[in-house]
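First chain A sits with chain B, and in the next complex the same chain sits with chain C.
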Partner chain A sequence: MANTFEAIRTVTVGSGGAADIEFTSIPGTYTDLLVFVSARSSTTNNFYRINLNSSASDFSGLFLNATGSVVASGSSSPAFGRMSQSNYTSNTFGNDFWYIPNYTSSNNKSISVDTVAENNSATTNFLDFVAGLWSQSAAITAIKFVPNTGNFAEYSTATLYGIKNS
Partner chain B sequence: MPTKVIVDCSTGVTTEVELTAEEVAQREADAVAFAEIKAAEEAAAQAKADAKASAQAKLAALGLTADEIAALN
Partner chain C sequence: MPITYEKIQTTTLPSATSTISFTGISGSYTDIVLVFGYKSNTTNQPTLRLTFNGTSTGFSGTQLTGNGSTDASYRNSNAAFISIARIVGTPTTVGGMATIIMNFQNYSNTTTYKTVLARASAAESGVEADVGLWANTAAITQIDITTATSNDFASGSVVTLYGIKAA
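After this line comes the complex of A and B, so read on.
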């Protein structure tokens, strides 16, 4: 059976938190990339965003959002994920799935995000699907996740997978 | 200074590096810009949801049942 789904690297945030999590020198030997992020924020802001090849520019997209009471949709300039906020239930972490197909292509790159800020609450949660676009042609060799405020809390993890089509 | 975690995928080496003052300033500027964008996006989405709820309430006031209103979605 072909080895089509390979964990490239995992990072776990240590005590004191991390301002960013970045994967560098990503090999160009796969077809697609997938990152699973399990994260908690050091603040009450649950957003974090992605930078590609150290660029925070040329992102666009759409989102579909559900909270405990509202379903909404709209445009999203940066592709974003959510993590559990510092005031959420203790020891809960968000679950996020970032899929980037054809990351070595010389065309623009699409990004699919399935993200939830876990809270173990019947009333306050955030779920989002994001369809993102990065309008740059360079092959992706670095992925950075940046909290909107504060840090990724201790024990937040991110695992980068490479996926081959054969 | 806050630190960032960098994983070099070619070597597997993970390093923790303090952000430079320039990076901190850029991060703060990006956060402000991002917060403004997200606030606008969420306000637009909330306005859309509010308009929908208002329309549904007006339809109900006209005598439509909940099933009939749902059928219009």
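After this line comes the complex of A and C, so read on.
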């Protein structure tokens, strides 16, 4: 039986932080891509966004957000993940699940994101479900995550997995 | 290192349909995961109707939805199927794309009722998180996904069932 779930690469942010986390030269030998991200921000902004094949355009998306007291839904372009902010409890990191099926097809690319930033706080916690779309027919060969402001903090990690259906 | 995540069956739809079935599912895994790379053939934005083992009784579920402006929760019980992407989460346009992921835990035991956790994501319509229950202790050996309308799934849609082993 073939192995269908393989780690392609892990990025761990080093001392001083990183302006982005990028996976390049993604092989087309899988069916789906999955990225697990554990991240913390160097600033008080907890958003980071995705670029595909070095493109930040042709994205659209919707989200459902819960904070522990408020639920809301809105639009987002591009899809986003959450990370723990710099003023969150020390050593807390966001946890995010990015799933991109059929990433080599000529169809537009649909993205599903589950993302949390938990602060052990009464008020400043975030859980989001995100539906993203990249309206491009090109196969995905590069994924870049970029903080809205500042850097990914040291010890943030992201692992790209390839999933085969054969 | 033992292989713990395996493809069980996969289907790339050769033509439009609104029925997808996985039959003869082995009980040799601990959990199973269904990934549906959905491409739409219609503007119906259908609910996916999930059933097991060819039955049509004992289903219930709860849905949490967001369409970009409104959030809501819904419930159905004593139903003939589990509703996945009941309100949002499937495309509204021909050629529209969605990602639907379903997780079935401990699916083959013969002691407990079966649950499914699902996420449906369509940037055109919204995001939905679903939980479903099948009030039946039988092992799941068959999964059927249908819609109330015809040929909603376009050719080129890919549906794969994965099995996860504990070791």
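Everything below uses one rule, namely that the second predicted complex is superposed on the first by the 164 of 166 C-alpha atoms of A that agree within 3 Å, B and C clash if a C-alpha of one lies under 4 Å from a C-alpha of the other, contacts with A are read in each partner's own complex, and residues count from 1 in each chain.
Criterion: a residue touches a chain if its C-beta (ideal position, glycine included) is under 8 Å from a C-beta of that chain, and two chains touch if they have at least 3 such contacts.
In this text the structure is predicted, and so the values were computed from the model without any measurement.
By the touch criterion defined above, A:107 lies against chain C but remains apart from chain B after alignment on the C-alpha atoms of chain A. Once chain A of one complex is fitted onto chain A of the other, the partner contacts of A:55 are absent, as it touches neither chain B nor chain C.
Of the two partner chains, neither chain B nor chain C is touched by A:86. Contacts of A:26 after superposition on the shared chain: chain B is touched, whereas chain C is not. Once the two complexes are overlaid on the shared chain, A:131 sits against chain C while remaining clear of chain B.
By the touch criterion defined above, A:157 lies against neither chain B nor chain C after alignment on the C-alpha atoms of chain A. By the touch criterion defined above, A:165 lies against chain C but remains apart from chain B after alignment on the C-alpha atoms of chain A. Contact with neither chain B nor chain C is seen for A:38 once the two complexes are overlaid on the shared chain.
In the superposition on chain A, contact is made by A:8 with chain B only, not with chain C. Residues 63, 65, 71-75 of chain A lie at the contact with chain B in one complex and at the contact with chain C in the other. Note for the complex: chain C touches chain A at residues 3-7, 10, 35-39, 64-71, 89, 95, 97-99, 101, 119, 121-129, 156, 158, 160, 162. Chain contact summary for the complex, chain B toward chain A: residues 2-12, 14, 16, 19, 27, 30-31, 34-35, 37-38, 41-42, 44-46, 48-49. Per the touch definition, chain A reaches chain B in the complex via residues 8-9, 11, 13-14, 16-27, 45, 47, 49, 56, 63, 65, 70-78, 80, 146, 148-149, 151, 160. Residues 1-5, 31-32, 60-65, 71-75, 99-102, 105, 107-114, 129-133, 163-166 of chain A touch chain C in their complex.
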